[in-house]
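Two complexes come next, and they have one chain in common, chain A, joined by chain B in the first and chain C in the second.
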Partner chain A sequence: MTRFIELLINGLSLGSVYALIALGFVVIFRATEVVNFAHASLLLLGGYVTAVLHADLGFVGALAVGVLAAAAVGALIELVLLRRAKAPRQVVAIATIGIDIVLMAELSRRLGTQVLSLGDPWREKVVTIGGITVAQTRIAALVVAAILIGLFLLAFKYTSWGVSMRAVAEDSETSALMGIRLGRISMSAWAVAGALAAVAAVFITAFPTPGLDRTSSIAALKAFPAAILGGLDSVTGALVGGLLIGVTEALVGGYQNDLTFLGRGLGDVAPYVVMIAILLVRPSGLFGTREVSRV
Partner chain B sequence: MSKLRYLPLLLLLLPPFYLDLFWLQAGLFVMAAAIGAIGLNLLTGSTGQLSMGHSFFLAVGAYGYVYFAGESDEHLVGLGLPPVVAIVCAVVLAGLAGLAFSPIAGRLSGVYLGIASLALIFIGQHVLFNVHDVTGGYNGRAVPPLEIFGFTFDNSGDVAPFGIPFGGLEKLWFVGLILLGVSALFALGVLRSRPGRAMNLIRDQQTAAGVIGIPVARTRAAVFTLSSMYAGLGGVLLALTFQRAVPDYFGMLLALDYLAMIVIGGLGSVTGAIVGATFVTLLPQLLTRYSDSLPLVSPPGTGGVSPADAARYLYGAAVVGIVLFLPAGLRGLRIPSLTPRKETTP
Partner chain C sequence: MVNPPAVRDGTALSVRDLTVSYRAVRALHGVSLQVPRGEIVAVLGANGAGKTTLMRAISGVLRFHGGSVGSGQISCGETTLTKAAPHRIVASGVVQAPEGRRIFGRMSVEENLRVGGFHAPAEVRKRVFDLFPILGERRAQRASLLSGGEQQMLAMGRALMAQPKVLLLDEPTLGLAPKMAEHIANTVTEINRQGTSVLLVEQNAALALRLSNYAYVLDVGEVALEGASAELAASDEVRRRYLGVSEDATPVLAARRGITKWKG
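Here is the complex of A and B:
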């Protein structure tokens, strides 16, 4: 039972990190209707900048620079690619794959075979409460993710930025006519998404994961099923999807010794299986808007 | 005139007589990639359904062939069928795998399918690494050579037309050409007839397609199946050229390469798929071959920008540039003397 609770807490913490990533992904999709396939490499970029600078600037300083860098690159993608491309949104989504290929090639070349630490202050310390042992990083992840998501939701609901964002998602043409500057909205969406991904990089690579290496982006990719099983255009969906994927991964990974008949390394595959299962029943995700067209 | 412009294609018969093994192998990779890319372009370019799972079906084709044609020994299992039968079985197997995904492929549209098909890659890799008996696990498995009516496509035998000794790659070249030719003609046929028009309408106006009686979900599922059969055939040719199939190769990067191919060449066109496959496949090979004489590129393992990385920068940038400036892809760059005036756009 203790083991189950430990796994559940780890899963929730991992899930909250996936939710952070998926949130950025959904924000981009709502503001620009483009699926950002370069999201995982934005995360890797943020993580890499933090890892390289933490010895000089300290963890917080390095993280700040990492967050800024990822946000700036996100905004740059919007400025250079999205604003100029006249192709259908779906083709623009493939173009983000081109960006992903370039960023990923550069980052994995720089990383090589190294495993970098991001220099987080929690290291491998653990907390034990009532016989349940949890790594400090996992608690930090939960707390930080909860604070950031809370802030985001408040901003989304109450600030004029959030209101414009929702208006654009609802009907971009009308909101442009009402004086909302679409370019700014979509650029800020990309910047916010990049920043969230960079924060998530800290917790994707922190203990018990060995550190940042070229496979870190594979972990980040699990935010894709999280976003789509919740519904690509739903913020609630991103949060629920993230938690669901995180808990599934932790539980299946934790009990995989009882599931050896399905092969080794099952924890990494389980999120995708869950995604398929949910999409079979609800093709637009749990909270996504159903496509309805009138003739 | 109209028929004569196909005449230059006959030049493709010449390479085995003149070029060395490096170029023959590169050419065969191009042909294999082109077959796969034609299939992906039917799905993504013509029907508007994004797929990131293409490398999974390539793997099914490659390992399907190895399994059906290979012999069993103490570590590996194989059925030992005649290679030609094995090719057919492998393609059918890839088609069945695509069909099995059709509840998803039929219902989800566009980018949603793109993300959902990511699952195929990860589940596929998981299966490939765990089914040691079939795939040989991490180190992969040797691919049995092709054999048609007792004529083996490897370095054995004493075949020397016009005094030029033919090894495995030389012989395989002609098989590749035939497979690519048949695949391209079949795809052209699909695009120019009723199914092609239905596919394009689903891409452009899904509701209208439904209204005029096109079964949207069924057509999508059918195209997905067809495209996975193409991938299967591409996978078989790839395996025959490599002579070894390694699970790691069929990962996410390969799927991204195929998407890059069709965007670079031109979405929705068979020629585009072939052009894109040539570009994306040849680029790293060329850079590797000439890395000594190129600036900014250093040989692998020396810490600088390796040829494979340089190729990735280039075609990643090419994808972005083409979406921005050349929406019809490289195929849209027309050389007036080579292209016919009247184009029947499917």
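Here is the complex of A and C:
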């Protein structure tokens, strides 16, 4: 039972980090109808900047710069691909794969074989409550993700930005008729998504993961099934999808010794199995309203 | 391009020699019209005459439909609106309630109004709720749950939130029951009486001519006819072509004849 609760907490924590990444995905898709395949490299970029700067600026300062860098690159992608090139949405989605490859290649070159620490203050410390042992980073991930998601939801519901965002997602032409500046909304969506990914990078690479290396973005890719199974255009979907994937991964990974007949590394595969199973039943995802036929 | 003549002092919105194409297809050709300050001007015409294209051109949203302004000038007072971004056109005081209402159905009535004017002062909101009390009563409701007439009110209220000098109305009574159409028509008159100039596109020519001071008739992308609304309403050609009446036939008979012709 103790093991189950530990796994569950770890899963929820992991899931809340996936939810942060998936949220960025959904925000971009709602505002611009583009599936951003460069999301994982934005995350790696944010993480890399934080890792390089934390010795000089301290963790918080470095993270702030990392968040800004990822947000700026996100906004730049929007500016170049959507605003300047005015390419059709499907073409932009494919172009983001190109951007992902370029960013990833450069970051891999810089990283080489290093494993960098992001300098987070929690390190390998654990907390033990009533026999349940959990890493502090996992608690921090849950708390930070919950706060950010909460702030996002409030902004989405009540601020002019959030209302504009929802209006544009529903009918961009009419939003323009009402005076909403589509370019600003679109660019802010990409920047917010980049910023969320950079924060997620901290918890993707923190203990018990050894640190940031070339493969960190693979972990970020699990937010793909999270966003897709939730429904690419649903904020609620991103949150539920993230948690579902996180918990699945943690539980299947934790109990894989009992599941050896299915082979090793099942925890990494499980998220995709869950995604496929859900899409078979609900093609537009759990909470989605549009089928993802644009990609 | 020839220098456009100076805009008359009393003109709220002016369109000069406007030519619009959707890629290779020309939709408007040399259209000129004026909306004098404080008046209601109607644009009549059959389906495909270019009425909605004219509205899109004025509001700057042609690009959503693959269209563009070839030549000509659109201006509001001293401000040139030709090819301007939609948000600039709204800021300069020209706001549209589009055809088919196009309300944000997944959002509440209140949120729809916010989109119309995020920084609208309280008295503007009050004016909208005074004009359309039903919107006040239903402000927390999802907009998709409103009736057709209420959705039209919301579309107009939303446009008014931006405090337009010129309100563009594209087919405000389309698909509404006669009683509701009448109510909307009265509201248009009231909005105008409170000082907003109106450019009204309508298929219901009788209604449009009754509401407006001046009217233009578009035919295949050109202004075929224009004049004071009362005169147009009395002219034989307009009566025959747009009001469905000939000299000796009642509207009902004319409509029947139309149906027979269509069948045959």
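General observations
Here, the second predicted complex is superposed on the first by the 287 of 295 C-alpha atoms of A that agree within 3 Å, B and C clash if a C-alpha of one lies under 4 Å from a C-alpha of the other, contacts with A are read in each partner's own complex, and residues count from 1 in each chain.
We adopt the following convention: a contact is a pair of C-beta atoms (placed from the backbone, for glycine too) under 8 Å apart; a residue touches a chain by one contact, two chains touch by 3 or more.
All of these numbers come straight from a predicted model, not from anything done at the bench.
Of the two partner chains, chain C is the only one touched by A:Ser160; chain B is not. When the shared chain is aligned, chain C comes close enough to touch A:Glu170, but chain B does not.
Once chain A of one complex is fitted onto chain A of the other, the partner contacts of A:Leu221 are limited to chain B, with no touch recorded for chain C. After overlaying the two complexes on the shared chain, residue contacts for A:Ile180 are found with chain C alone; chain B is out of touch.
In the superposed three-chain model, the partner touching more residues of chain A is B, compared with the other of chain B and chain C. Interface residues of chain A, counted against chain B in their complex, comprise 35, 37, 81, 84-87, 90-95, 97-102, 104-106, 109, 218, 221, 224-225, 227-228, 232, 263-266, 268-269, 272-273, 275-276, 279-280, 283-284, 291, 293, 295.
Residues of chain A touching chain C in their complex: 160, 163-164, 166-167, 170-181.
Within the complex, the chain C residues that touch chain A are 59-61, 64, 85-87, 90-91, 95-96, 98, 102, 104-107, 111, 114-118, 158-159, 162. Taken in their complex, chain B has these residues touching chain A: 44, 48, 50, 103-104, 107-112, 114-116, 118-119, 122-123, 126-127, 129-130, 206-207, 211, 252, 256, 259-260, 263, 267, 305-306, 309, 312-313, 315-320, 323-324, 327.
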